[in-house]
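Provided herewith is a single structure, encoded as structure tokens, for subsequent inquiry.
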Amino acid sequence: MSVLKLGLPKGSLEQTTIDLMKKSGWRITTSSRSYFPGIDDSEITCSLVRAQEMSRYVELGSLDCGITGKDWTAENGSDVEVICDLVYSKASFRPTRWVLAVPNESDYNSAADLAGKRISTELVGFTKRYFDERGVDVAVEFSWGATEAKVAAGLCDAVVEVTETGSTLRANGLKIIEDLMESNPQLIANKAAMADPAKRKKIDQIALLMKGALKAEAQVGLKMNVPEAALDQVCGLLPSLTAPTISHLRQDGWVSVESIIAESVVREIIPALVSAGAEGIIEYPLNKVV
Amino acid sequence: MSVLKLGLPKGSLEQTTIDLMKKSGWRITTSSRSYFPGIDDSEITCSLVRAQEMSRYVELGSLDCGITGKDWTAENGSDVEVICDLVYSKASFRPTRWVLAVPNESDYNSAADLAGKRISTELVGFTKRYFDERGVDVAVEFSWGATEAKVAAGLCDAVVEVTETGSTLRANGLKIIEDLMESNPQLIANKAAMADPAKRKKIDQIALLMKGALKAEAQVGLKMNVPEAALDQVCGLLPSLTAPTISHLRQDGWVSVESIIAESVVREIIPALVSAGAEGIIEYPLNKVV
Amino acid sequence: MSVLKLGLPKGSLEQTTIDLMKKSGWRITTSSRSYFPGIDDSEITCSLVRAQEMSRYVELGSLDCGITGKDWTAENGSDVEVICDLVYSKASFRPTRWVLAVPNESDYNSAADLAGKRISTELVGFTKRYFDERGVDVAVEFSWGATEAKVAAGLCDAVVEVTETGSTLRANGLKIIEDLMESNPQLIANKAAMADPAKRKKIDQIALLMKGALKAEAQVGLKMNVPEAALDQVCGLLPSLTAPTISHLRQDGWVSVESIIAESVVREIIPALVSAGAEGIIEYPLNKVV
Amino acid sequence: MSVLKLGLPKGSLEQTTIDLMKKSGWRITTSSRSYFPGIDDSEITCSLVRAQEMSRYVELGSLDCGITGKDWTAENGSDVEVICDLVYSKASFRPTRWVLAVPNESDYNSAADLAGKRISTELVGFTKRYFDERGVDVAVEFSWGATEAKVAAGLCDAVVEVTETGSTLRANGLKIIEDLMESNPQLIANKAAMADPAKRKKIDQIALLMKGALKAEAQVGLKMNVPEAALDQVCGLLPSLTAPTISHLRQDGWVSVESIIAESVVREIIPALVSAGAEGIIEYPLNKVV
Amino acid sequence: MSVLKLGLPKGSLEQTTIDLMKKSGWRITTSSRSYFPGIDDSEITCSLVRAQEMSRYVELGSLDCGITGKDWTAENGSDVEVICDLVYSKASFRPTRWVLAVPNESDYNSAADLAGKRISTELVGFTKRYFDERGVDVAVEFSWGATEAKVAAGLCDAVVEVTETGSTLRANGLKIIEDLMESNPQLIANKAAMADPAKRKKIDQIALLMKGALKAEAQVGLKMNVPEAALDQVCGLLPSLTAPTISHLRQDGWVSVESIIAESVVREIIPALVSAGAEGIIEYPLNKVV
Amino acid sequence: MSVLKLGLPKGSLEQTTIDLMKKSGWRITTSSRSYFPGIDDSEITCSLVRAQEMSRYVELGSLDCGITGKDWTAENGSDVEVICDLVYSKASFRPTRWVLAVPNESDYNSAADLAGKRISTELVGFTKRYFDERGVDVAVEFSWGATEAKVAAGLCDAVVEVTETGSTLRANGLKIIEDLMESNPQLIANKAAMADPAKRKKIDQIALLMKGALKAEAQVGLKMNVPEAALDQVCGLLPSLTAPTISHLRQDGWVSVESIIAESVVREIIPALVSAGAEGIIEYPLNKVV
């Protein structure tokens, strides 16, 4: 039996990833002292690896596949296969951004204004390439953390830092002057592993189910009873990409309409459905949408 | 674009209200230092305001609408429009009561017995009016908290205090001798805001979805397969206000029956449904019932 | 009105049992100082009783029924009626095992090898009977806890201890050489109580709903749209014990297929369903499966 | 035997006060549900009372004495005897201040600029008197809390709020334009109680020991060996109010010098003592300084 | 080199014992998974053992000595040598008591009244002997915990339970009708170990320093300057068993008086010392008093 | 006025360093969001900087001085002035070690055995130099953390990691085969800052008081009354580097002996002092020893 070596990201994405794996159908059990979580699938073994190093070990084949940020795969310049994007973060289901930030009161307005300056970042390779491509000569220094505080402390002139909402940067008196890269977790795989049919099948299974679980986070089921006469109007209100399931009811003249829609639009759609004549509207939660 | 100024109750109802708003379709993000939570709706701005003061600011128009207890609107005597009742509390989905309580061992049996006595309460105005209407002369003192301990400490003769189950009063050696008012959260609105069509529409949307989310807390979906012959008996067991959705199954002689019922009666109904011949009964959770 | 005296297990199973009762339809309210939790059913009163002692009090009739481990009923040798098995533990939905464990480096391979040795356990009566039945003479000592550490401390030669995964034993340098008993919670009842029709009805109701709630923990609802041509293949993929509910859709040539399946097999079935032509597959959570 | 009724402040000062009482020589035992803490002195009974209400109950004689803020005694205008100041707060050993604060960007520079405006505060009576005395007509409203957020929320024009460092005000975008009152805890007593010799003696004992414990918080013991020749210089370095204790040593030509000094100056004095020739300098902690 | 096997009590006394050992001069390092704490003394090895079982293992020689309650040594009837009493508990420095308790409203007034009744306790052997010696026939049952709740639950008629203040018993509606035994921790030793000079020396060292650390918990140092004329009066005020250390000061006519006294009397003595003319009184904490 | 820019180590040493500064005489107030803690000394400003980067910024003069590990100053090869060693860690008062560790079951016995292997470490520069100096060719890779798990995960062959007790390495199945460097915190300063007399004086003051506070952590005061005849023997027992302070007592024939000794030897010395005739021995805690 072929066993797949799967890398899970240690640190800020760890718990969210484990929760997502659980929704996807795999129970992972961690213990505070071990870097090798248990998993209820005899065809997989797991290792916790820092997101920063994941692509390095997937490329080398120490791992068959792993979940890590697009940013770190880019930083390492690793030659791996990207299986799918998995858009979530520690706190939300949005991508993160790497940005160039400078003090609020400074006159810098773009990367070009920083020629000759010192820039602090955790993403040294990527940042150097970014400035090189634009022909701007800067000193890029590796930051061990707390990067956003370094400008105010007089330790550098600008930072390249990751952010979701920008609030930590603002709280440190910084403004964003350029977006360098958008990032999100990805499932990446070793190329040789993808050439092995058994491993490839397992990797595809993980991808299918994780995407299904992630999609369900942002969607809900909506079900209602609709008079036949109002059916077209009701269907017109439901977002077109999700063809509603319509079934006959025993009661003449009524049909049951069921659809999966984005949770974010429910609050707009429900009042409209009520106006259109829908009755007994219920919304229910989903585990997976495939 | 018109923006609605919404007040959310700071303190004991805060987290429950934010959770309920989330179920209703709005994500509210608080931070420990700010009184202005974020909301993912550009047509609303939020402020955290104490329930005790909410109606005052809604009346003045500093807020367009707000969620606060019926008790505090009454205490303040504010001229606002009540949009809907939202029956929940910090710990449950029941109304709270303001009661008159005295020591277990005292001879007081009603408000009338307290003539000439000292009464401690947070609801000074309402309590004074209550005793005035009954022609009983008492001294009503504002209590800054821990009201239920004041009788035993010899600081007053009786208290008017809010309670859900009465257990805190009992633990302090007090007995309830009169119910003064039942209270629950309400969505209240400024009268001028309700005259503005855009604001009114938004307020109605909030009311519709919060009521839908709250209803779903106490209800569940029930689905089962029923032989046609047993259909009338099964439908007779389901509470009449919720017309069940009946759909034909491919298998002859069987229909699928689906209904939304109060969670509190499920434990009585399921054994009866089994006896009546229903099979494959499942109960599933709901997010909203509109 | 007849009132049923129900014993709930105090300690490691307490919170899980209360959560399960809530899913079953009964809200139990505990307070940190009281051994008599409230319940929202006037036909039941609850007591928190240690699992070790439950069967003793059910046998005597101090309680009409109770939830406790099969192991402790066996240890006490109580004459009670077992109503149903409820397979859950503090941390999972698996049975626990009582095992005989010895140091990794020892030469003991079975119970027979321990003749003349000292064995530490919380289950003194059962352990004595187990060795007696096999004609092995050992000294069995009651352990007040931390049993797994006693061998390494030189306080005994072997232990009989409860375990779910064996990890605590391994962490203490012990290996399992014999399985003595598998255990799980059970609903047990006093025999006289079962002869009282009102009490029996209530006990049966509790059993039916708890089993339904427990079943739902490990199962999910799966719903999909299937072209009529693929229906047989799709149905063939769904585990046979759960006859899928098939309903006609308004759209010609398509049916809706809905089934309840074990969560543990979803990850295998979904990829197969996709291959077979199913579309719009959703998985949703369940509260009860009866 | 006469028993003294002592009020302890419930809430933010509660734990600090109990810790200070312990250092003073009385062990107070609280339980989460009771407002009547135990005390290891049969001549005292304790009640937990809100600081805001303390002076009211001391004046009425429901309590013989109590610890509360100077501010609330002023707000209530209570006729009580102030026994001593006890300068500590929840977080430090500094007094607190009640200040008038307005938005950073406003043009208000003094109380006089606020004529016709709305002011929110917990200290309504005191604030009204303060503006009345200055002939400034303002509307003063009782605030139930979170006062510092009300200006930004558009609910009032200025606030009168208590602060230690001003940081909460700054974080809410407010600037202080006037200091209204400095406050600190005080031991206050009922006048009749002070006329009773037994109660007076007990109150004086509490005052003496609490002052001693409080003094010790900010002071340390310093001891060193000094050559006789350097003694005058060393003594000159030690703050004059604390006459050092000088004792002869067995070793000719050396004396031992011991002094109690403020902890805040130790870091300046020690380097100077070393320069002056002191040796074997040790600093040790104190429980009481009387 | 001889190594002493020391047993430390696992459970409620564990942390307090480790803290006391630290004050005595030994640093013990525990980890959540191990029953063999580290100690910074190569002549000692530690095991964590339940207090209930300690004397059994000390008697057998599995341990050379151990700290456990007098009650459990009595219950086990172990033949060990008691080295010294160490009066402390989880929460205080008082002994605990085993008492016989019955419902408040019962008519039982002494052990004799309980003939024919059922008694629940963790101390089965001791309780049986106690009633046997008084010729009272009772059924004594082993309780796995929560003993104090069993009477109210109708599971027994009386309990024999350990208590410090009686408050848990009162909270469960019980009253104490007889004191059976006072207990406190003791250092106990194996008799053969005490016959080994090296082990005996080590055990004596532990006893001397633990007693010194425990004594220091309840005592403080007091130092003051006294005019020679007032010396006799001041010395008369200091408890006689602790001869004060009096040293000459450089300043004529004054002496320094230093004494170690019980913390519990400081609050009475300081006011008297002030009246007698003492100045510059300081109280300081102690680590050990030997 | 000259203001000193002081860097404090962010992260594992942060709280211990702040506690030590407090014992030294400076109160530092941190807030969770700020990297610029407050300090109660107008001649100092503080920044929180990662220990790894501290020496870089002290060398550049962005900071005048800072507290950081000797290891990171070596790694960075920074040209700074070492003012003093401060031997403490997050958990103890011992130095830490950087070691070379390999799997328990491997045949590697020294650095030389690792030629051609891959080594993971946070200290890349130092490790490369170490192997270069010994002429061993290895691949050294930067580790983002969890280094000790990388060998077992098959990601590298050996690690260079910091350890205090070796327990984390052991728990990960590694053995130490070589010690590379011992490290501890140091106060380091910029060379230009040390040439500025005002800054130098401040830095010296910090060094003097931190050393004094650190020394006091491991020492205690010991005081006893000794008969003159036993004085020589008692003094002989006290470690010679701390000359005891001997003062005459009023009582003829007795002297008071006071000494500061290492806490670690108290448990050996006290029994000997008792044997020698010392009486009234007390041990008391110290804040500083200079």
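Just so it is clear, A, B, C, D, E and F label the chains in written order, and each chain counts residues from 1 on its own.
Simple rule for what comes next: contacts are C-beta pairs under 8 Å (C-beta built on N, C-alpha and C of every residue); 3 or more make two chains touch, one makes a residue touch a chain.
Being a predicted model, the structure only gives us computed values, none of them experimental.
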Task: Chain labels contacting subunit A and also subunit F - done: none
Open item on the list: Among all chains, whose Cα centre is located farthest from the one for subunit A?
Closed with: E
Task: Superposition rotation for subunit A onto subunit C, Cα-based, multiple of 5° - done: 120
Open item on the list: If you average the CA coordinates per chain, which chain's centre is most distant from that of subunit C?
Closed with: D
- [ ] For subunit A and subunit B, let me know how many angstrom lie between their CA-based centres, rounded off.
- [x] 37
TODO: Compute the distance, rounded to whole Å, between the mean C-alpha positions of subunit A and subunit E.
DONE: 58
Task: Geometric centre distance via CA averages, subunit D-subunit B, whole Å - done: 42
- [ ] Would you give the residues of subunit C that are in contact with at least 2 other chains, written as numbers and ranges?
- [x] 247-248, 284-285
Open item on the list: Based on which chains touch which, is the overall arrangement a line, ring, star, complete graph, or other?
Closed with: other
- [ ] Could you run through all the chain pairs that touch each other?
- [x] A-B, A-C, A-F, B-C, B-D, C-E, D-E, D-F, E-F
TODO: State the interface residues of subunit C toward subunit B in the complex, per the touch definition above.
DONE: 24-26, 31, 40, 204-205, 208-209, 212, 216, 221, 242-243, 245-248, 255, 260, 284-290
Open item on the list: Under the definition above, what is the set of subunit D residues touching subunit B in their complex?
Closed with: 10-11, 33, 35-36, 47-50, 52-53, 57, 62, 143-146, 149, 152-155, 171-172
Open item on the list: So in the complex, the part of subunit C that touches subunit A is made up of which residues?
Closed with: 220, 225, 247-251, 256, 263-264, 266-267, 270-271, 274, 280-285
